[in-house]
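Look for chain A in each of the two complexes below; its partner is chain B in the first and chain C in the second.
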Partner chain A sequence: MLTFTLRRFSLFIFTMLVLTLLSFSLSFLFPGDTVINHSGQIHATPTELVELNKVYKMDENIFSQYNAYLSHILQGDLGQSMASQSPISDEIIELLPATIELSLVALLIAMLIGIPLGFIAAIRHNKTSDNAILSFAMIGYSIPVFWLGLLAIHTFSINLGWLPSAGKISLLFEIDFVTGIQFIDILLSDSPYKWQAFSNASAHIILPACVIALAPATIFIRLSRAAMIEVLAAPYIRAARAKGLSFNQIIFRHAIRNALIKIIRHVGLQFANLVTIAMVTEVIFSWPGIGRWLIESIYQRDYTAIQSGLLVLSCFIFLVHILTDFIYAALNPLARGNNHGS
Partner chain B sequence: MNLLDIRNLSIELDTPNGRVLAVDKVSLSIKEGEVRGLVGESGSGKTLLAQAIIGVLEDKWHVHADRFHWRGIDLLRLTIDERRALLCRDIAMIFQEPMSCLDPTTLIGEQLSEAIDTSQLSGHFWQRKKQRKEAVIKLLHKVGIKKHSQCINSYPHQLTEAICQRVMIAIALAGRPILLIADEPTATMESTNQGQIYRLLANLNQLKNMSILLISHDLENLTHWTSTITVMYSGQFVEAGTTEQIFNKPMHPYTRALVDSSTKANLQLPSKSRLMTLPGSIPILQHLPIGCRLGPRCPRAQQSCVVAPKVSNFHGHKVSCHFPILQETTRKESTKRKPVKGVR
Partner chain C sequence: MAREKTYLEEVFPSPFMQLWGIFRKTPVAMAGFCCFIFLILLAIFAPILSPYSPVDSNLEMILLPPAWHPDGNVSYLLGTDELGRDMLSRLMYGTSLTFGLSFIVVFFSLVIGVVIGSLSALTKGIKSSFLNHFLDVVLSIPSLLLAIIIVAILGPGISNTVWAVAIVFIPQFIHITRYAVKEEFRKDYVLASRLDGASNFRILYYSVFPNIIERLMSQATLAQSAAILDIATLGFLGLGAQIPLPEWGAILANGLERFYIAPWTVYLPGLAILFAVVATNLVGEGIRHALKLRKEN
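Coming up: the complex of A and B.
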């Protein structure tokens, strides 16, 4: 397990190095002065510019420039936003938790709906319910998310009036910023209207999370269906049947765990896709997350924000990948290694 | 009394080009306390037949039989669920490649304990867990695994193939079966382990009077352990009789070829000469010959072989051939072979 952890850790470090290299090179590729792209200080006076050139070692060779850039990042200095002239790291700390919250809730919904439906489809292979679930998956995968988001707002917020259409929580509730993740903050606060705030926040998150979850859920349906069909044809399932176990016992004791192992790695891979969908959805639902912020920075040509935002988001996605790898290892004894004979 | 009596069992496979008759009217009967061998080349439908008996074939296979009796009960009259419940209680099966037949993510101990029926345990529910564990350890000892605690806490991939097969046998024994179907139990093992597994099966047969249906492609090896043998070729019944009858006086040209191709039966052959073999190879499922499926390869084939032969009975020695090898088979006394039973 230790070597497993170390291996993942070194993979993380090297991937992050490559990513910083990419964001470093973006400063050269974007229009404008490189040092201004690095720091984001567009209103710098000539004396400040000289100072910045010195800090980023712009007059030395490219390696020491990269070194200087890297040390800035490691110190948590991602530069200033060109648009708002406030430190980007502060903005990210404020916005990233909202995106994490939204995408995790969406992932949870997608897994809770997609995986059981896929299992049902596999168990009822080649029957009507299988075909119905598969066609639902096909339709759900084909719907573009921006259209679905608008449709959902139109139906559930405007026509039916069940759920709010924008924002994280109603402005009436004052919640102190502690972790940034709304639900945890609400539970930590000592406001007398804690539970009202909680239900209000849940009402706000349902619609965007469901819109984000639809496409990943359909992918999970297909993945889990394929995995389950494969597992049910395996010799150990036949042996379990010959052992005299009932169908439910076989499914719950043997089939589900083995099928989940096959799926769990794909969940990590799908997470990148899900975050992309979340960025678009955040714009539609005015969710104060990093996706909306990033898209706004693209509109405003805020180069410093674009490169730092990309760096932080990819770092987050990579961390989720590593996390799913650990869950995979915990579920699968074959991945844990350490064979011993008897 | 016959434990299992199957008459004219056929298995069909759904393919894109219509149904293919994979197993064609095979009869099989097993007496109480008997070890019956089922011999045939790979692809001759032995495994299919075994899986059809225990009822674990997939939906694309269609099974029907003229008669299917288990201890005098007509199974064809029962519903599928009743039949499965009855057969799973009395028949157990061990498979080829034991490693892949154990769930890779579940501990051996759990897989063993779930095979133990609750009705075997006495006592209240809070005592059950302990009793279950004791029963698991007892089963492991019965199949000759001494390091039970290490085995219980292992995953299948941590054990050797032979130990996995012992665990499979232990799982099979958990239901206290009357008939054990062993489908090539030693296919992937080296010969020392093979001998151990066969001896274990022979012990179970002698001590517990458990009937065994032993499926193998190796006729010569099988003769050491079985009392009666059924031979199959390409999904058709070939010959059935006692081990002596099959090995010493084979009536069917195919059985004759099988016996002739074994090394022990040909000790008198000069060294470096070729063993007797039939020309060609077993037909694939898409291109089965009509009539007797051995026809194109058979040295004695004649025109009438395009019609499937009927089974003829010579004093309990059943053979399905138009031109069985009758009197001329008795060879010279010096070349007569006697299978050694029980010991290897």
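Coming up: the complex of A and C.
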């Protein structure tokens, strides 16, 4: 486990270097002055500009420029937003939890629906229900998410009027910002309308989370189906059957556990996919998250925000990646060998 | 009776023909393949086939519903949008933008990815390890996010979208080519031709490529379905194709304001995207299925 941790750690350092290098070079690629792209201070006076040039070491070589940029990031200074002139780190701290909340709920829905369906398809391999589940997976995987979101709003919000179509919570409820994750904040608050707020927030999250969850759910169907088919063909299942265990015992005691381990490995990769889908869905459902903020900053040509948004989002995705790797390695001793990450 | 063949020769089909033989026998995959060919033909011949111009407005025929609706007009089969532009013509032209461009994009990334990937498969040591880690990092960033960033650098527009999507899809082709070439290089038949004195490039061209082409094709179909969705999503967000262009995502975004009174301007482009992606995925699924069966035989 120690070598595994060290390997992951070195990969993490390397990735962070590449990602910061990428966002550093973006400042040069975007139109406009590099130091203004770094800091976002578009209204800087000439004296301030001189000061900024000194802080970012713009007159020295490229390595010390990168060094200066890196030390700014490590101190938590991502510059100012060109559009609102407020520090980007504050905006991100406010917006990122909303995205995390939405993607986690969507991931949960996707796993709860996708994995059991995949198992059913694998157990009924090559039968009608298997084909039906696979066709559903194919269509769910192919639907453009923005179209699905619009159809969902049209059906459930406008025609049926069951669920709200936009935002995180009704504006009537006043919830103090503590962690940024709405459900935790509601539970922590001492408002007398706590439970109304809670049910209101749940009603708001259902529609966007289900829209996001559809595509990852279909991928989980395929993954869990493949994993289950592989497990059911393994010799230990045949041995269990030969011992006279009933079908339910084989599935619940032996097959599901071994198949689940194989799926956990892919959760991290799917998460990246899910966050992209969440970005588009946030725009449609006016969800106050980092995806909508990032796309709006592209409309406003807020280069500092784009650059930092990319950095933060990809760091977040990579952290989830590493976390799932660790969970997988902790659950499955076979994965700690040298053949991974090499 | 004259014998047409004096020598009964046993014919061994090439791996690719074997694959085609299996592929042909799966009806669903063939249906997808027919739709795929249909879309390609439509993309090429849209200017000849479409009844109206996709951009000229006709103010007498505004927001006409599709022909099967009581208020519909049969000369505008799928209705018109808020400027009286025929939806059918717009969707047909959109085929060459969304579907045709995604095809070109994937082909371009495939060629570049295969060249870089096979060159990197031949290198060893620190260079190779660096490339591997670098690819891992790039592949961990979602394709749409990266495409959005590249569009932010280049500025919105359909040609910039094409560049962005093409750049985004190169790493996955590098990754899969590299992996496949390395795997083939460990096999005995490569060793045999190496003992015959073949150079690395000769082995690559004559021995390795014919054996990995199906895997690349299967990856290409995956990439194309993602490319269609990415181009359409960028168009929908207003970062891709700009206003008069009949790109499917842009048509959808355009119909958004009148969704409630003219739902067909949103339903139809969405269905078109769905149709194109399903057709592409069916072809890919068919190739993967055939590959699996060929391996088992």
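By definition in this document, the second predicted complex is superposed on the first by the 334 of 342 C-alpha atoms of A that agree within 3 Å, B and C clash if a C-alpha of one lies under 4 Å from a C-alpha of the other, contacts with A are read in each partner's own complex, and residues count from 1 in each chain.
Note that in this section a contact is a pair of C-beta atoms (placed from the backbone, for glycine too) under 8 Å apart; a residue touches a chain by one contact, two chains touch by 3 or more.
Quantities reported herein were computed from a predicted structural model and do not represent experimental measurements.
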Self-check item: Partners on chain A (chain B, chain C) - clash or fit
Solution: fit
Practice problem: Applying the touch criterion given at the start, work out whether A:Gly244 contacts chain B, chain C, both or neither, answering first, second, both or neither. | Solution: first
Exercise. In the overlay, work out which of chain B or chain C sits against more residues of chain A.
Key: C
Quiz item: Once the shared chain is lined up, is A:Tyr236 touching chain B (first), chain C (second), both, or neither of them?
Solution: first
Quiz item: In the superposed arrangement, does A:His254 touch chain B (first), chain C (second), both or neither?
Solution: first
Exercise. Go through the superposed model and pick first if A:Leu6 touches only chain B, second if only chain C, both, or neither.
Key: neither
Exercise. Could you tell me if A:Leu323 is touching chain B, chain C, both of them or neither one (first, second, both, neither)?
Key: neither
Exercise. Tell me which partner A:Val280 touches in the superposition: chain B (first), chain C (second), both or neither.
Key: second
Quiz item: Looking at the overlay, what does A:Leu108 touch: chain B (first), chain C (second), both, or neither?
Solution: neither
Exercise. With both complexes overlaid on chain A, what's the closest CA-to-CA approach of chain B to chain C, in Å?
Key: 10
Self-check item: Touching residues (chain side chain B, partner chain A) in the complex
Solution: 51, 54, 56, 58, 88-89, 92-93, 95, 97, 100-106, 114-115, 117, 147, 150-151, 154-155, 157-160, 163, 168, 171-172, 174-175
Practice problem: Give every residue of chain C touching chain A within the complex, in rising order. | Solution: 133-134, 136-137, 140-145, 148-149, 151-153, 225, 229, 232-233, 236-239, 249, 252, 256, 259-260, 263, 266, 269-270, 273-274, 277-278, 281-282, 285
Quiz prompt | chain A to chain C touching residues, read off their complex | solution = 11, 14-15, 18-19, 26, 29-30, 138-139, 141-147, 150-151, 154, 158, 269, 272-273, 275-276, 279-280, 283, 294-295, 298-299, 303, 306, 310, 313-314, 317-318, 321
Quiz item: Along chain A, where are the residues that touch chain B in the complex?
Solution: 233-236, 238-245, 249, 253-254, 257-258, 261, 331-334, 339-342
